[in-house]
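Shared between the two complexes below is subunit A, which pairs with subunit B and subunit C, respectively.
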Partner chain A sequence: MSEATLECRELSKYFGPNAALHNVNISLPAGKIIGLLGPNGSGKSTLIKLACGLLTPTDGEILVCGFEPGIESKALVSYLPERTYLPDWMTVLDCLKYFQDFYADFDYARAISMLQALSVPANARMKTLSKGTKEKVQLVLVMSRRARLYLLDEPIGGVDPAARDYILGTILRNYCEDSTVLISTHLIADVEKILDEFIFLQSGQIVSYASTDSLRADLGKSIDEYFREVFRC
Partner chain B sequence: MLGKLIKQDFKSLSRILFPTQLAILAASIIGTISFAINIRKGVGAYFQNGTFGIISGISAMLGGLMVFAIFASVFLVAFIIFERFYKSFMTSEGYLTFTLPVTTSELLWSKLITAMLWTIISAVVIFISANIFIYFGTAKEGIVNFSPYTQIFRGIREAFSELGGGLTLPIIEFIILCIIGLAYNILHIYLALIIGGIVSQKHKILAGVGFYFVISIAVGIVTSLLMNLFGGAMVNQLNRLDSLMPGLNGAQAFHMVMNATQPMILCSMAFTLILTAGFFLLSNYFIKNKLNLE
Partner chain C sequence: MAWQFSSDRPIYIQVSDQIVSGILTGTYKMGERLPSVREFAVIAAVNPNTVQRALSELESVGLVETQRNTGKFVTQEGSVIEMARNKRGELLASEFLKSMAALGYSCEQTISLLTEAGRREVLANERSDA
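Now for the complex of A and B:
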């Protein structure tokens, strides 16, 4: 039986009277890199936060490898928030040890080599690092886990184009066959070369879920072009 | 996992609190030395001219500084404990805290246990400082002054020889009350900060302070209701003691008061414990279901 890595059943999330997500049904398979794309406020971050248990659904359910958000699911999910979230008094190495302490699937050696490749000083305190460097550290931590589901919320927004390429390469190299990567971003042109599938989200509802190849074959369009067409202002 | 959480929380508190405790000990030693100088030379020394007058003045100031440092440390310890709690639960650090593969109750337990540990450590440090001062700072002759201790120890010996095992129960009750009271006060503030953080997106701390008082008032209302319902019997019993007391010796009076107050002590213990558990369960519920980080 092949179980979905991430499954949403009639999932809704309301903030007061406003629907951030409304009746979302989707099942994401293992082994794919999937883009979660949509305009601002379309519910991308909400969906990701629901999947990692930072929010609780108003209605419906969300399952990670069959588990509702909880200890079991959190051990399988590697989440990169769209903000800097590491305590500023910790050194980079402190952060690595912290992750090693709590996540059984954390690969310390791999994290060290990624830090070196991105020339991040391992002994520096987080508060002394620039915003871009902090984001690199967070990405290293998140991608050094052997997780089943990677949830990356705007992973390349704050870093320079050279680092972007390295990060996308890292994502490609480090995910394995039984894991799924869900990337939410506005920088579609940058990420579309690594995406297997994409989801278009608008006003809390899924308007399109397809594979990149079929889009190219059927419509002869790139995701970027298709996005601009669907979400024309 | 709870052990790992406690280790991390303890580390993040100790980073700031450990140096402050060393500073308190240093301040108490400096203050003790300056007091020891003054006590030998008499108060009149302040008014002398010349070098000696200046030294006395400075050492008196240092003594005052010691007292200030100890008071300040109490507030600092409390501030740091709640600041750490707030940061790791309510700010962007929450993205790290709440995606760890642990339960929310483990997170709360860890924050509660480390806060209690650090409160106890800082109380012990203040106790040691006070004793350094009494032992070395108050001797008019020689280096140490043991007489306060002789008196205290004599008092304790007398109490035990007269009352014997009768003291075990009140001592145990006192310790339990201290521990429950500590947990109660910490969780009271945690709960207020959590509700404040959920209710308000912009003024979380201010809202937290508000909810601290709201909770206090709610507890006050419940307490006074219970006192009205059940407190009457207690007052009657104590009134009855007044007429019996004159004919009794010290030990008999002690046992009589102990027996008479036991129901009250046990009830208030149980009541505080129930409130503490309530604070914990409510905090857990709000974090689990209502949390919405920015």
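Now for the complex of A and C:
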């Protein structure tokens, strides 16, 4: 498996005259946890949506394990959206069965044990759950797949600091070692310890792609400090 | 509780320092099996590759040994642990001297302060024993 898990070649996405992404070239290896970091509106979610085929590129191409977004790539990608899309009337167990129907790599037993660990009531209907609990359900569904590429769009945005630690722990415990995890967030201080590498996006372009520990070794700075410096308002 | 890290040094070095502390203070005992890479990653809330790198560093100095198929163990060589203890002790001592120098104490003044503090400590212990 020499090919990159996620590869972008001269990738651009325009919304009318506005460039959400402009000429992005990057190749992400397998087996890494990578932070996709940038200020609001820098193109983080656009990049993730292009990778799961929810948007189509204006120019250039994006490949997941060599496949253009489509049936083959979707079987390999596990996507955590910014907002949950699970229907209100479903119970948590319904959602699990729904995922099991859709994805061959879904591990039902693992999902059940994660729900228990996060003390999510399995028989409750989605509409009765709090926002944070809904996000936990969505995370359990996404991390219960044995995917090659996990795309997590703001996985810790809506939950309290204690749940944040738990969610990061859940990601660490459950991702497959030879798969790639791409986490978009602006809560850098909370995630940077678990990142191998980070990408800085600004106005739709990559300004930096480096390893977390090499940044510390070379500049003596955390990603959080470096981010504040690069993106000073 | 996740481990705390300072922002100025690579995380893998700080992880390996904390594992060494664990070995020196007896959290991880001589010859005992260490948590797996994934377990360490969850305990410390860091990336598994970072833990792997930290453990390889400790393996290269002989503090940690890999036994095939069964995981990583703390060394059974007392002398290696003793060496790590001396190294850590020397480091703490020289850092302490530096902080005292920053406050304006000479080396000799610091030593006499330490001697005095040591004497008081002994007295306090004797009193609590009695």
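Throughout what follows, the second predicted complex is superposed on the first by the 232 of 233 C-alpha atoms of A that agree within 3 Å, B and C clash if a C-alpha of one lies under 4 Å from a C-alpha of the other, contacts with A are read in each partner's own complex, and residues count from 1 in each chain.
Assume a residue touches a chain if its C-beta (ideal position, glycine included) is under 8 Å from a C-beta of that chain, and two chains touch if they have at least 3 such contacts.
All of these numbers come straight from a predicted model, not from anything done at the bench.
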Open item on the list: If we overlay the two complexes on their shared chain A, which of subunit B and subunit C does A:Gly53 touch? Say first, second, both or neither.
Closed with: first
Task: Which superposed partner A:Leu195 touches (first subunit B, second subunit C, both, neither) - done: second
- [ ] Using the superposition on chain A described above, determine whether A:Leu168 touches subunit B (first), subunit C (second), both, or neither.
- [x] second
Task: Touching partner for A:Leu86 - first (subunit B), second (subunit C), both, neither - done: first
Task: Partner subunit C, residues of subunit A touching it in the complex - done: 31-33, 165, 168-169, 172-173, 177, 193-196, 212-214, 216-217, 220-222, 224-225
Task: For the subunit A and subunit B complex, residues of the former touching the latter - done: 15, 52-56, 70-72, 74-75, 77, 79, 81, 83-87, 89, 98, 101-103
Open item on the list: Which residues of subunit B touch subunit A once you look at their complex with the stated criterion?
Closed with: 1, 4, 7-8, 12, 15, 87-88, 92-96, 98-103, 288-289, 291-293
- [ ] Report the residues of subunit C in contact with subunit A in the complex, numbered from low to high.
- [x] 2, 5, 7-12, 38, 41-42, 44-50, 53
